[in-house]
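One chain, chain A, links the two complexes that follow: it is found with chain B in the first and with chain C in the second.
After this line comes the complex of A and B, so read on.
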């Protein structure tokens, strides 16, 4: 996909323009890189070349027949034409063939508005159809033709243009070739063995690669249209230590409308981290953010023993009272999920310093779980379900791992179970379970071995339900925060939406808790925390980018495409060429970690 | 010319190893194994042998292109998928002269440095496979195939692989894919099979008849071989004559023989009381020739000069009872059914053409449809990955070009106007 070494270049002429590209590129790639429009379907920059759709045909001088540009490697002095009448006509005829059996049910199709078949057909296709026969139908007509395609996907074979991108994704990236074409010729259809559907943790990418609405996700279908003005925010996924670059899509809707705002996650190209892909966990596991179990108000345990909602003032004074009663701030211990961002960890460190805690005063935990994937999958999901284990390590927290990569918190656990800790502050900003197994902690609390338990988190977990005080924080899409992924790469996740109810961004919660407990933290924004953190870490090169990390804000999709970072912009130029050209020299290239591709600030 | 390849096909035991050995069998192999592989290739090059599978590419050159400096194993793939409508010559060779096929494979392997030849045989040739397997077992037994062949230290295996029955599997790269157990769909060339073929190793794909020519060249010499046939079109050639002739069958002749001679002398001419209407000279995929175009040698070059192709040398003869709209539809049915479905124009266009042609043949078409056929077929031709697209377009294009009035009659009369007793069973059913 991306070659790391710099290679020789080749100069060729496309439509009279001299174009210099890296040796080994295809004519199609050369054209795309220079902003010359050639349509394509079977070609996908992340997959092998197939040469089957035939829409990318061009005229190359000295070659008798028209050639498919996706499968022709550039040579020095090559002269290519993409707009001669011969090419224009031939290309239109291929579009005619593609469309004679396509249902053209764009008004009810999920891809409508972001569909390469629509876009390219408008630009390159014939104006009208000469087809007078009924269209080919597989499983029924209209959306009834949508059939189950595994746990996450739906398939509509009528819309399929047989580009085989899905087949090649499964074969080349997932490496478990579950999809293939059955029958041949006119009867060809996409299928899985005995209609079992696709069972893969990478299945969502099939929706991305499918250039039409044939493969859609059950999660997103019928939820929004691109022109519903969804807003999009460049961010990163924090559900594991890979840190895939993603985009969170926000549905713009009237104030009174019910339902969630966050409607989908899509991968954002970063050749260094995730390429074009992301996994289904990151893509589909976002519903908890706006789910019923979100903590929206601080909770304090009443005399009657139930957790009652209250306001922040009351909750924070209760924190102060109870900590004092449990032996004062010096007795306070922290148990932190590695879901915590650098800023949050830094603030915990500041609190620990102010309270004079020993190094063992903070334990860091996370969940470790193997993801069932083919052994040779090209996109591997790491077992560590935390975005910032490395961040905690770099900040000097006692991050201990067992031989299998699990968090080793045995000393801390022993202290709790032996009743040696009188006041514990748990910070758990991830979804339920991501802090790791805490059933033993719940048990210790129930057994009365832990006098004071404060849980600062985002959902009503079992642990929160046994706490004395619960403080509502923000999910990762609700705050600007920085993380260090498994490669040691510093990346920023952006605030896409506000925390629900009275919940606050976590840096704010820590500042307030600090104030309540007499530690003078005076930050007024997460940026201020980052600036201080950067100053503290100025000797550490990996953190040089910390102050220049820019965070995106929701912008309308169109605006976002123009403003987003170069690598993402490049992908969209690739996929949807109808957008205004915002080109830049060359292609984004993999660098060596830990440099990041910086997000560009959006006005 | 005395037949070379088919000389003994009528002998009851002509296909057996004993008979073969009594008639100079495996003598060519013996001679080849005494030569340097490079010299064998030079000899085949000098003989001018051209591939009999359809394209007429020089076989010696193809062998020379097979990558030499590589640690990878090399292979001969013998293309026995023979599925082109009207073609049945490889069938005869394999069934009646199997050891000649083996001998050709072995010499080919020796020449390019391969240790295995795979015979990819058409799915429907079950009965032929049985013969091949029985004879191959005998050849193994007697040491003509296998380890240390004829005591020369040359090891070479022959493996027979039967396909699942697809015309497209005859295309050389689709054959390789199918052989590897994948869908019979062509690969992008380059790389050519000579560089990256079976299991991505250098492979020479050769037609059955091509390989059968090789033992004779080695045994009898280049001079003998080039004395048969006109310049650049040397050697014995098998012609499959079918259709409205008195004696349809496989005929062996040199490429000096004219198409007219093949039809009228060899195959006994058109049925009594009938006139010749059109001839397809090289299997269904090539343009038709008209009766006044037949006085040309049936060679690769002369047929090409006449605007068609010798292809697989399947000469399909049609007399005046043949409805050309029906011919186009019939052949389109085949191509629609056999398209592998990879390329958009071939997959979608083939079906569309078939539908338009069916409508026309049923007398329900319009004049516009006639132009539409020409346009759609023209849009398929030249825009596909493999030559199948051109082949699929050919029947529609040449029938409309040469017999446009028949299409117009169908539109005007709302039925077929061609007298066709032999299709009487269809008269009651519809237009025919």
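After this line comes the complex of A and C, so read on.
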């Protein structure tokens, strides 16, 4: 038998260093893997190779000309130089060319501060440009050149360096090639057919792949610069069962300032789950977290019939009184959204155990909706809008699915509609609508068929507005919690910020409700809940990591590069080690005045 | 308005590009003969590579409409399983495809090095003056369109003027071009030289 290890690697020399990489890698990949700095624009690890930007050129011995390292496959014994004068000078010229028409409007450009064009030009480019001509201009000057590029994006063609990453993203990942390059050479422009813009649920990724500020999102435009967002928290998205790994960006602002703290979501590389990408739903549907409809204080229905804000002590004693009045804890039933995390489901299980809840006493709901995407899209957004259907299944909750994958809660619904349930506790920590259709429940409550309705959630939904008691919980970026995605993968979402107002993390709410209702829950942290959960699940290997899940904490950046685009964070890690920038030493203004050729007189 | 579930789409709120977008043109389908011709061309490619026939298909659109319309490009995209954007990408890359209405005779003057050194600029100027139009324009009668082209591959006989993508007029001078215009006006197609490629053969 041959030894895979030996057969499938190639050893080459880069800058005098022996480097061993997997066969089939390119010189650029080999350099990146071993921490050798080579700049690149058109290369993107998630996209096909194009070789159009030319900044990755290197000298390979025995090859007559400089080669683009991104499109040259490594071979045994190859000798590569990335820092010889020849390479350094040629590379600087490429940068000079790239900047010939670039507007350099960094002060008003959204990419400023996390822009590979800035960073690489600074490290590898010439000190100054010899460009003395007016720059080519499309669509207008400065930010006035930003044109509409579909529902989510803006395009500034003046900044584009024609790396075609966006074209390749649409062709290869979205598979509906909506972006093209019209014209050619000097007139080349990024465009969509008839200027209709990009219409795709993956459109936000184009902002990530664009190495300059040519493609920006309407959502994030002009809202912050990287140095305004010193905290970036690695977390996951919980808006569907895929569970993309993401980073939540927290803007620094004085507490009295208006506007949200959570400023954007970006994807984080996880080859097994989402690759380099995320969808627009996960990326843009976060405004509700700090929106006007967030529940900030417990609400209790007054004598007059209105929901009045109150404090937790009062709300919890009301919970106890009303539950007793409605038939005691034995009569309490639960309706849980599959947005609930493992910890929360576990606590509901504990409460149920203490109350003698029958098997049929819990229903799990979620929303199912098809996402319009091309048939062969490489990144598919699943229809189930819940992160933890699998988790509920594993914990023994009655997860019933209809033939089309929707939650089947018909038995529960019948019980409510026939007035067989006297006290219902609804737990829904997701945005409005993600629990599925509950209009029938609202109807039943309005018609008086449901004597007691407690809603524990995060936003003022229609359901919450008819409840007797509303308990404010935390959205997924406001608590450490574990979920099991569609692949059966255990993942943790981290607490990036505090829940608003008096709202509490949901495990805390359950512990308090349990205390109020006489179920002795004594947990003092979500980690304690997880530890207990892990103990009960110790037989299940998939949950072995439960107690060791790493929850990311907001890390204050030590320097501005750390707060850069995390989808390319590994690039910063590799590229900006403590090496000094490789500056092109020669002066670009080689011509001294006497050698200047006088311009021809034109009559 | 928007198919996008999260972003309202109000194009009125945003800037628009000044980029020339393709003329929508009349609703387009290939005539049965041209469709048959395209189907025949398609047999030369493996079915999964039928997109390779895009140039041939675009030539057929141009033959039928005189220039490439957005509707024509959509039709081609539909047949070849491409997106309209991909077809436009190809169509705008090649200068032989006209993106707007052109005259019956399209005069394309080479402006690349050999021709330029041999006075192509003078030729263009004289044509422009004689026809009363600037480069890129069509004369009011709809007879002539004047365009500048890159190297036509006949550098040894520079300067070169190509008419309608097919007829090469070599060693052009302002005088010979003036005569060419007069001849075309008098005799039509007959005044044109043979196809350069066929001559070579």
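Keep in mind that, in the parts below, the second predicted complex is superposed on the first by the 549 of 603 C-alpha atoms of A that agree within 3 Å, B and C clash if a C-alpha of one lies under 4 Å from a C-alpha of the other, contacts with A are read in each partner's own complex, and residues count from 1 in each chain.
FYI, a contact is a pair of C-beta atoms (placed from the backbone, for glycine too) under 8 Å apart; a residue touches a chain by one contact, two chains touch by 3 or more.
All of these numbers come straight from a predicted model, not from anything done at the bench.
Novice: Clash or fit: chain B against chain C, after overlaying the two structures on chain A?
Specialist: In the superposition, chain B runs into chain C.
Novice: Looking at the overlay, does A:201 come into contact with chain B only (first), chain C only (second), both, or neither?
Specialist: The answer is second: A:201 touches chain C but not chain B.
Novice: If you stack the two complexes on chain A, which partner ends up touching A:180: first (chain B), second (chain C), both, or neither?
Specialist: both
Novice: If you stack the two complexes on chain A, which partner ends up touching A:285: first (chain B), second (chain C), both, or neither?
Specialist: second
Novice: Of the partners chain B and chain C, which touch A:97 in the superposed model: first, second, both, neither?
Specialist: Only chain B is touched by A:97; chain C is not.
Novice: First (chain B), second (chain C), both or neither: which does A:131 touch?
Specialist: After superposing on A, A:131 lies in contact with chain B but is clear of chain C.
Novice: Contact-wise, after the overlay, does A:54 reach chain B, chain C, both or neither (first, second, both, neither)?
Specialist: Once the two structures are laid over each other on A, A:54 reaches chain B alone.
Novice: Using the superposition on chain A described above, determine whether A:65 touches chain B (first), chain C (second), both, or neither.
Specialist: first
Novice: Which one hits chain C, of these parts of chain B: 24-32, 78-86 or 294-302?
Specialist: Residues of chain B that clash with chain C lie in 78-86.
Novice: Is there a shared patch on chain A that both chain B and chain C touch, and which residues make it up?
Specialist: Common interface on chain A, chain B vs chain C: 180-181, 183-184.
Novice: Which stretch or stretches of chain B touch chain A in the complex?
Specialist: 166, 168, 183-184, 188, 336-352, 355, 372, 379, 382-385
Novice: Any idea which chain A residues touch chain C in the complex?
Specialist: Going by the criterion above, the answer is residues 138-140, 144-148, 150-152, 154-155, 157, 176-184, 189, 191-195, 197, 199, 201, 203, 218-219, 280-281, 284-285, 372.
Novice: Touching residues of chain A toward chain B in the complex: what are they?
Specialist: Counting only chain A, the residues touching chain B are 49-55, 57, 65-66, 68, 71, 90, 93-94, 96-98, 100-101, 130-131, 133, 136, 161-162, 180-181, 183-188.
Novice: Could you please specify the touching residues of chain C with respect to chain A in the complex?
Specialist: Chain C residues touching chain A: 2-9, 11, 14-19, 21-22, 70, 73, 82-86, 88-89, 92-93.
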